[in-house]
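Just dropping this structure here.
Per-chain numbering from 1; labels A, B and C assigned in written order.
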Amino acid sequence: MKIIIIHSIVLLLSIALCSATTIIVDPAGKTKTITAGIRQASTGDTVRVTAGTYREGNIIISKSLVLQGEGKPVVDGEFKTEIFTIDARHVTITGFVIRNSGMSSVKDLAGIGSIGMDFITIRRNEFINTFFGVHLANSNYSVVEQNTFRGELRGEIETGNGIHLWQCSNSAIRDNYIAGHRDGIYFEFVTRSVVNGNVSENNHRYGLHFMFSHDDEYHDNTFRNNGAGVAVMYTRNVKMINNIFEKNWGNSAYGLLLKDINDSEVSHNRFVQNTIGIYMEGTSRTTFVRNLFQRNGYAIRLQASCDSNDFRENNFMSNTFDMATNGTLVLNTIDKNYWDKYEGYDLNRDGIGDVPFRPVNLYAMIVERVPTAVLLWRSFLVFLIDRAERVFPAVTPENLKDNYPSMKAYDLHPTT
Amino acid sequence: MTRVIKYVFYDILRTRFILLYTLFLLLCTIAMFQLDSDTGKVILSLMNIVLMVVPLISIVFSTIHFYNSYEFIELMLAQPVDRKVIFLGEYFAVAFSLSLSILAGVGIPMMLYGADASGFTLLYAGVMLTLVFVSLAFLSSVLTRDKAKAIGVALLFWFYFSLIYDGLLLWITYTFMDYPLERLTLTLISFNPIDMARILMLLQLDISALMGFTGAFYKNFFGSSTGMIFSTAVLFAWIVMPVVIAARVFNRKDL
Amino acid sequence: MISIQQLRKNFGRLQALKGIDVEFRSGKSYAMIGPNGSGKTTLIKSILGMVIPTSGEILVDGENIRHHWSYREKIGYMPQIGQFPDNMRIGQLLDMIRNIRQHPPAVDEELVEAFQLNAMLDKRMHTLSGGTRQKVSAALAFLFSPPVLFLDEPTSGLDPLSVEILKEKIVHEKERGKLIVITSHILSDLDELTTDVVYMHEGTVKYNNSLETLKEVTGEQKLGKAIANLMRSVSAQHPRIHKSHEKLNTIVL
C-alpha cells in the first residue's frame, strides 16, 4: 500500500516536472482567480496561486492537476459554501490557508471535499474554521499529510470532523494537527489504511473515531484532551501501536474505547492521565502488550463481554484503580504485567512475584456503584477496607489476577 | 510576642522530642526514596505518614507541651504581658517547631531526591495539618485542667477525624446513593481537615479519576483552581477557628 | 494604691470571694491572714489577673485592671510555690524575665547577690531544692523594684539565714514607701514586717485595720495571740456557736 502511495506521488511529480505547464494565479496579474486558473489548465498542469485572499465561493477542480499555494494564499468560503470540491482523480492541493467554509445540517460542507475520486493528495494546508476539514468519500489511495485543522469558532453541534473518510481504502493520514472539531479523525468503512504521526487534541468528541474499518493501522499519534478520547468500534484486525492517549477527562471519556473489536493489537501505547485508560466491551482475541498505563483514574475497564484477550508485559503505574470489571467470570489472560501496587515477594529471584496480584480493588467496585465515594479514596478507612479484602477476597472476582506479576517495571522505550 | 515565642521555642528544643520527630521523618523519607525509585510511589507512601502520623504527633505533643508549660504560663502571667500574647506565643512556637520538623524531615530529602508538584503539595498539606492539629490540641488543653483528660480528648479528635468521620461519610453516601449528593458530600468533607488535606493530594494524584464525575459541580470544582482555593480556605478556617476559640477561653480562664 | 470593690469569685458552686471591699495603700505593709481556703490566694491572683473575678472591680492606681495587663509592671509577685520551666537555667530565667519586662524602672539585684544565686546561674530549675526555688522566686519579685509587692508565704522552705535576709529586704523596701502585702502562717514574721492586718474568713474580709489597733483591742502584745482572739470571735459570730467576746465583735467588720 505504501508503495502504491509513493508511486502515485512519484507519478504526480514526474507529470509536473516533465510535461506540464504552470499557470500562475495572481490577484494583480493576468489570471486573478483560482477558478480561472483551473479553467485555463489542462490535465497534468500545475496551477500556482500566489499570496492574497481569494473569495470565489465553491471552487470545483474537475481536472487532474496540482494546485499549489505560494506564500500561503488564503481561500475564504465566507461561511457559505464548500471551498474546494475535487471532481477528478490525481489532484494535489498544497500550501493553502483554507478558511470559513459554509455549514449545513444536510450536506457535509468541507474545506476540501471529494466523492468517488482516487489519488488525492492534500498536503501542508491550514484549515481554519472549516465545517469539515477534509471530507473524502469512496476515495482510494489518498494522502492527507502535514495539514493543520483548527476549528475555533464553533461549538460541538456546529462543527464537523477534521479529517473525515467514508468508504475509502489504502489511504494515508499522517503528520496532521487537528483541534477544535467534532471528531479529529473520522473513519467509517475505511480499510487497509494508515493513520500515523498525527496530533489530535481538544476536539469536542473523539480524537479518532473509527468504525467498521478493518485491516487498518494507526501508530505514533497523540490523542490529547479530547471530549471523549478515542473510539474504535465494530472492527477487526486493527493495529494500534505507539500512540499516546492522554488527559482525556470526563465522565464518559476514555483514552481508548474498544467496542466489538476482534483480532487486533494494542501495543507500545502510552495511556496517561485519562479518566479511563481503556474501556472495552465485546472485545476478543486482542493482545495488549507493552503499554504504559500511568496516572489514569482506571487503567482498564474490562467489561464481562470481553474474552480471550491477552494482557502481557504492560506497566501499570500510579493509576487510581488498575482494573475494574462488571462481572465475576473472567476469560482473559492477564499475566506478566508490572503493577506498582504489587506488594508480594520474589524468593527465587526470577523477577516474577511468587504470589498472584489482584488488580481489581474492592473500593473500585464501591466507587463503581457510588461514584461520590471516590472522595474518600486514600483515606485510612478505605486503606483498612482494602487490606481486609486483600486478605479475604469476598467481593472482587476470584480469578481475575496476574499469576506472574513482574517485580520490575518493563523498560518501554517508544519504538521508532 | 516574638520574645515569648523565642523562649517557648527554646524550651521545646531542649526537650529533644522535636529533634527525634524530625529524625524519624527524615529516616522514613530517606528510606522510602531509597527503597523505591518511582517518585510517585514514594509520595504515596509519604502521604500515609502525613495524613496519619503527623496529625497524631502534632496533637499529642502539643497537648502535653501545653500542660508542661503551665509553670511558664503562670510565671508570664505575673509579668506585664498580655494573656493573648502568652497564649498565641505558645501556639506559634509549637506550630513553628512542628512545621519546621516536617519541612526539614520531609522537605530536605525531597529536595535531594527530587520531587514534583505533588511533593510540594504533600509538604504543604503536612504543614497545614500540623497547624490544624496544634490548634485542636490547644483547644482541648484549655477546655480541661486535667492533663490525662486533655490527652484523651486530643486522641479522640484524631481518631474521629482519621477514621470515624470517614466511616459515617461512607455510610451516608452508600445509604443515599440514589440522591444527588455532590454538594452534600463536599460540604461534609470540608468538616474534616484530614479529608481536606487528602483532597488536596487527590487533586494531584488522582485528578483523572476525580474528573470522571457525573456532576458538572464536581468537574468545575476539581477541574479548575477552585478546588485548591476551597480546600486551602477550609484548612485555614480549621487552623484559625479552634485557636481563636481556645484563646477566648484562655483569656477568661483562672490559673 | 489598690482598691477592691465588691469583688466576687465563684469556682463553680464554691464561692471563694463573697463581695470583698478593701483598699491597700502605698507606704503600708499588710499582713493578710486567714485560715486555709479563706480566699487569700484567690484575692491576690485576682489582683494579678490570673483569676478572673465573677463580679466587682479592682483598681490599681485608679485604673480598672479588667482587660489590662500593663499595670503588672508595678507589681512584684512571689507565689506560694514557685513554678518554673524545668529545663531553664537560673541565668536564663533571670535574663528572660528581664527581657520580657521592657522598661523596668531600675534593676534591683540585691537579693540575687544576697542569696548568692550568681554562683548557680547554670543550674537547671528542676535540679533545685525547694528553698533555692523560693530564693529565685523572691529575687524575681524584687528584681524590678516594683512599687507593689505581693508575697505569698515568702519564708516557707527558706533556711533561717535566708529568712533573715528576706525579712531585712522587706523591711528595707517598706521603709522606701512601697506597698507590701504578705500572707504567712508564721505570724511572728508578720509582727515585724507589717503595719496593717487584713483578716479573711470564708471569702470575706472580717478585719481591716492597723496592727496597733488590733493589739490594743485584743489587749495582746503579740500578733499571734491577737489573731487567735480574732479567729475565736469570728467563729463565734456563726449562729451555731455561742456568742462571746462582745468587745471584739464591735471592731470586726
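In this text, a residue touches a chain if its C-beta (ideal position, glycine included) is under 8 Å from a C-beta of that chain, and two chains touch if they have at least 3 such contacts.
Since we're looking at a predicted model, the values are computed, not measured.
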Contact graph of the chains (line, ring, star, complete, other): line
Chain at the geometric heart of the assembly (C-alpha centres): B
Euclidean distance of C-alpha centroids - chain A vs chain B, Å: 45
Distance from the mean Cα position of chain C to that of chain A, given in whole angstrom: 89
Of all residues in chain C, those that touch chain B in their complex: 11, 45, 48-52, 69-73, 75, 77, 79, 83-88, 96-97, 99-102
Sites on chain B touched by chain C in the complex: 3-4, 7, 11, 14-15, 68-72, 74-83, 252-255
Of chain A, residues touching chain B in the complex: 247, 249-251, 253, 273-276, 295-298, 317-318, 320-321, 340, 366-367, 369-384, 409
Residue ranges of chain B touching chain A (in the complex, touch as defined): 38, 40-41, 44, 47-48, 51-52, 162-163, 166-167, 169-170, 173-174, 177, 181-182, 185-186, 189, 194-195, 198-199, 201-202, 205-214, 219, 223
